[in-house]
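Some structures are shown below for you to check.
Each of the next two complexes has chain A plus one other chain: chain B in the first, chain C in the second.
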Partner chain A sequence: MNPLLDGTRIEALTGVFKLVVPEIALVGVACVLFVLGLFTSSRFLHTSLAVLGLAGAFAVALVAQPWETTLYDGLKANTEAYYPILPSAAATLIRYLTLAAGLVLMLLSTKEATREIAADYLACLLIAVAGTSLVARANDLVTLYLALEMISVPTYVLLYLPHRGKPGQEAAVKYFVLSILSSAVTLFGFSYLFGLTGSTNLSAINAVLTAANKEAISPLAVLAMVLVVAGLGFRITAVPFHYYAPDVYQGGPTAVVAQLSVLPKVAGFLALARLLGIVSGPLNDLPFPTSTQVPLLLWVLAAATMTLGNVMALMQDNLKRILAYSGVAHAGYMLLGLVTASAYATPTEGLLPRYVSGFDGLIFYLVGYALMTLGTFAILAYLNSADQPTESVDDLAGLHQTNPFAAAMLFVALLSLIGIPLTAGFTGKLFLFLGLYDSPTVTGMGNAYKTLTVIAAINAAIGAVYYLRLLGVIYLRSPLRPAVRHRGKGPMLAAVLCTVGTLVVGIYPSIVWDLVKKATPATAHSPALVAK
Partner chain B sequence: MNLDFVLFTILATLIAASAVGVVSSATIVRSAVFLLFTLIGVAFLYFLLGAEFLGATQLIVYVGGTLVLVVFGGMLTTAGPFNVLRTKTAEWVLSGSVAAGVFALLVSISLQLGARPTSTGDIPGPGPLGMAFLTTHLLPFEIVSVHLLVVLIGAAYLARAKKKAGSP
Partner chain C sequence: MAVASPVLTPAGLEPAFDLSAYYPALIYIGVIVGLAMAMLAATHVGYFLPFLKPQRPTKVKQMPYESGMDPIGSARMQFDIKFYLIAILFLVFDVELLFLYPWAVIAYAPGGDPHWKNIFGTIVFIEILVFLATLAIAYLYAWRKGVFQWR
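On to the complex of A and B.
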């Protein structure tokens, strides 16, 4: 009998492809764009095709959602079925988030992606968006690694495409080399995970490690976790692995840097959460030593990332370097979500119902972070022009006189980055900090979680200094150069979208929070959704 | 002491010694030649484990392809025939201590493991591997082709930029 006609094989094959139709659509549109770019350089055609691709992927995702949810619920009940793609509720949410981010990034890029490179630029962007969405649903080490590379490889090309002299090339090469190094470390960790468990399927790995963990701590599993955290730390710019960020941000084109500050972070955090086993729960049964080792590792990483990011940002004069270090600091805040989630791992008696279980706070913060960071970059892209570059802090002097509308939007974005109430940044920080402060103290970590909350609060205060300095320059100083008419409808539209989003999520957080709550596992003791 | 053990010792010594050679030699071409021995050693390690297909792939892809690329890349990009890489003492100390730390960690953990993992049966040959590529692992296989496409586009841009700069 022809083994290719074997029923289970055909089922495995078609079952997998059905779960990634939107991603396939995005890659398909990207391929069409690559070919189309050879024949015509009509920018309108390329952009509308790319937007259609995103809209089509969104529509397919909406259609597929009920079916995927049913399948996922079935899979949760039947733990024996190991799918290479897992359509978890969180992955579905992240898919919509990345598609929306893709649209904003496309608008942002209209100024820098000139007519000659527009087709290839948009195609690379679509592939990176598809990769981010695929990371969230990958349930196999091979697929996960390739999906992560699906974000990096187009980014190398994107960093090089606009080709703006030496700093741009340096940024591209630096990102290329360090990204490959981090991938190697990730793979090294993956190889230990595979060697320990004999499977590349993440569900199987988690099941084996969880079972083994109940008997004794495996030093190899801890080592694998350390290597994976180190490799993925590069993507989320966690502290010892952040050193590429300032140079790449400074030298790279603004639109690509905006992409670099969002998509790899979303993917890195999702991959970390998946490998740590906190995406599908239950949270009190995790595949790693939970009394101290891994929570302590994440604790140190979070504390170092926040503190160094904020302190280094104080000393910068280049706007993009400030944003790079601010991105490092925000990665530190988001790591608090992982710390919180791992705190619930030790089965403990008498826990009170918790409202924030960590992973939900992390996803909510990712939404807020994407809104405010993309908003800031959109305004920088809007203000930047060849004859009047907006590079250093002084270039923003007196912006409220020369361009009050852009100044107002930057005001909202910066307030959100500080974490002032009524913005998305405040709500996100509130959930993360509350969740962490509420963590159980009966585990091996003792009061360390409360200490970390205090460190985070101090960091939020340090962060306010450099954002307020920017606001002071914008509103209190007089302009250093004559007002010019800025051009760029795309970045402006992106900025407006992000500003509105920041305010809406800040004022009515329940719009996003309820979705996030539904998509994340509850702790053993917390209600799935607290009634309002 | 059986034959496996003797062969493994010889191979491991070859791999480790030439790996040290890769790091410590000052010219790129010398490093590449040492790398050749490391990669061949790893290929023979696969043969020793009974994974003939993997060993052959290692020889073809790494020894035959990647290494030739490294040598050509070194020859085409350096100004002189023997570009000497200068490493500062501080860099030696820093990287050496990091490497020593990682090595100590790996050794200490490996020694804790105790029993050697038992073989789980036959290692699949090309047939089952090809079947897996076309069925259960078809999606990753296709993703790799997307990677290659993007890399080709990027390489085309790199080459075009060079031409532009060369002919003003």
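On to the complex of A and C.
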């Protein structure tokens, strides 16, 4: 039958723009900002336009949500393959979270985005936010790649925009070259996926590979998976691919580094989860061999990432380098979510109902991670000034005397990064560790999941050392420099928002957890996984 | 291998992946390797066959690239930043043409599926207009930033 006479299919292709109206609006506003910046350098005008863009996107997303949900719920496994963009429940949640993160990042940048560069800066930020949201709903290799590049390309510009001499240039060039390399590796993996299945649609790829995987392990599929994990590992700073992070974080402008530590990581994890078949579709059948191959690869990656990140962070004296390695370590914790999800995918008898399926723990941790990391960077941006740069650990000495309020907020953020109860970091770690510990032991992996939980717990303890060292410097030492009046309402407001968020998510995790649970049904479009 | 059956995609039924369908690539590789080997063989055999390769060396002829720059010296030459701007601008308009030619040739070519034109004709036209508008913004940006002034 002629596919052009199939109404569902035509509707899927012609109606695709309706599914990304907020993202289109963000990019449109960014274009207007680029042009507007050429004619006027009124910072008020640029900022209010950017905020309006974000608010507009939010409003449109709210309006579109019921319609999108109805559409998604009506889809079946075979009609899903018609859609290049899939408004899954997880994608809807991520869209709201990304827009909120965009607002915080905009506040954070008010100090560094000076009048001359404000328009370009905000425009690049909006495009990166749109890209992150698009990654979550991309259902086609081409769309996914486009969305990933929509985050990378503005970041190159952002890293270079606030001119900061040699370290800034080094950071920009280093990120540019290595990001292109990682994109090439990702594309190489994509080409294998396309070659194996003959389709660029992710739902189709997943379905075909899952069916093939049931019969025999395909070495080419495993190769494709390894390449994709390697390419996206760069974005999530998984260990063999993390080496750019400390240098780029150290040299880059604080607000841009804050963005770099959140948006690419969210996008990388979502893309990885989608490609591994974890986001939608039956969770007990993944497109890649899950008895040992996938969990083992992720297992090694997670263990190496968190251990190396934490150990290296112990040896740093530069604040941003510490945060870079801390980001590496937290990426290791988040990889536990993917390990859990792929562990549960192993077809085994007698699986019990589980509370954490892996992907939900990952999204929850991403929320907590974004809150506490952005909070820390916001304080650093607030304290940093031309005559009193806040670069090394010693620059924080005696902060509780010179600026008690900022010290208190840093206190909350650092406690959350350690994982002390009543903070978002604790609940996030709890869900991730719990899910991993409950993973089935009857598969080829044996007790490896329990071992990994122990490794993760030891890592959390190592991590506490360098965060507590920072707290000791802030609260126990006397100031080395005279107190100054810090300026920067934007970073301060961002820090307050993040601190409140960290505490709220820590004390009432159910607010976010229920949303996440609703967005990540254990099985979509398939009968319940749980047996017996 | 993973797939041995055709796959249903948005664009229609894709035939199953078949490596033998890619035989032109193999011929291409054969031609390239054959050409390189023949050239090498001809130059070396030429020493013994003066009618094939007469020996009349001059200084210019013995340079690595007869009509190019002498590649001997420091590799860390400094290029004027202007050239990079020109290169990026070239890219803007080159990509535009690269995309527009195939589009213009294929989009409304006679002989296509009549249903396609009914369903996608307008959308594709609007899409290309959006693409051109984006390029116009890039052009405007470069112009106002003073890229076209040769300094």
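Just a few scattered comments:
The criterion applied here is as follows: the second predicted complex is superposed on the first by the 501 of 532 C-alpha atoms of A that agree within 3 Å, B and C clash if a C-alpha of one lies under 4 Å from a C-alpha of the other, contacts with A are read in each partner's own complex, and residues count from 1 in each chain.
Quick note on the criterion: a contact is a pair of C-beta atoms (placed from the backbone, for glycine too) under 8 Å apart; a residue touches a chain by one contact, two chains touch by 3 or more.
The shown structure was predicted, so the numbers you read here are calculated from the model rather than taken from an experiment.
Look at A:T376: by the touch rule set out above, it reaches neither chain B nor chain C. Looking at the shared chain after the overlay, A:S199 reaches chain C, while chain B stays out of its contact range. Once the two complexes are overlaid on the shared chain, A:C31 sits against chain B and chain C alike.
In the superposition on chain A, A:A221 makes contact with chain C only, not with chain B.
Of the two partner chains placed around the shared chain by superposition, chain B and chain C are both touched by A:P84. In the superposition on chain A, contact is made by A:Y156 with chain B only, not with chain C.
When the two structures are aligned on the shared chain, A:V20 is found in touch with chain B, with no touch to chain C.
Residue contacts after overlaying the shared chain place A:L146 against chain B, while chain C stays out of touching range.
In the superposition on chain A, A:S133 contacts neither chain B nor chain C. Residue overlap on chain A between its contacts with chain B in one complex and with chain C in the other: 3-4, 9, 12-13, 31, 34, 84, 195, 198, 220.
By the touch criterion stated above, chain A contacts chain C in their complex at residues 2-5, 9-10, 12-14, 31, 34-35, 38-39, 78, 81-82, 84, 195-201, 204, 208-209, 212-213, 218, 220-221. Here chain A touches chain B in the complex through residues 3-4, 9, 12-13, 16-17, 20, 27, 31, 34, 84-85, 120, 123-124, 127, 134, 140, 142-143, 146-147, 149-150, 153-154, 156-157, 160-161, 163, 195, 198, 219-220, 223, going by the rule given at the top. Partner chain A is touched in their complex by these residues of chain B: 105-106, 109, 112-113, 117, 120, 131, 134-140, 143-144, 146-147, 149-151, 153-154, 157-158, 161. Remark: chain C residues 1-3, 6-17, 113, 115-116, 119-120, 123, 134, 137, 140-141, 144-145 touch chain A in the complex.
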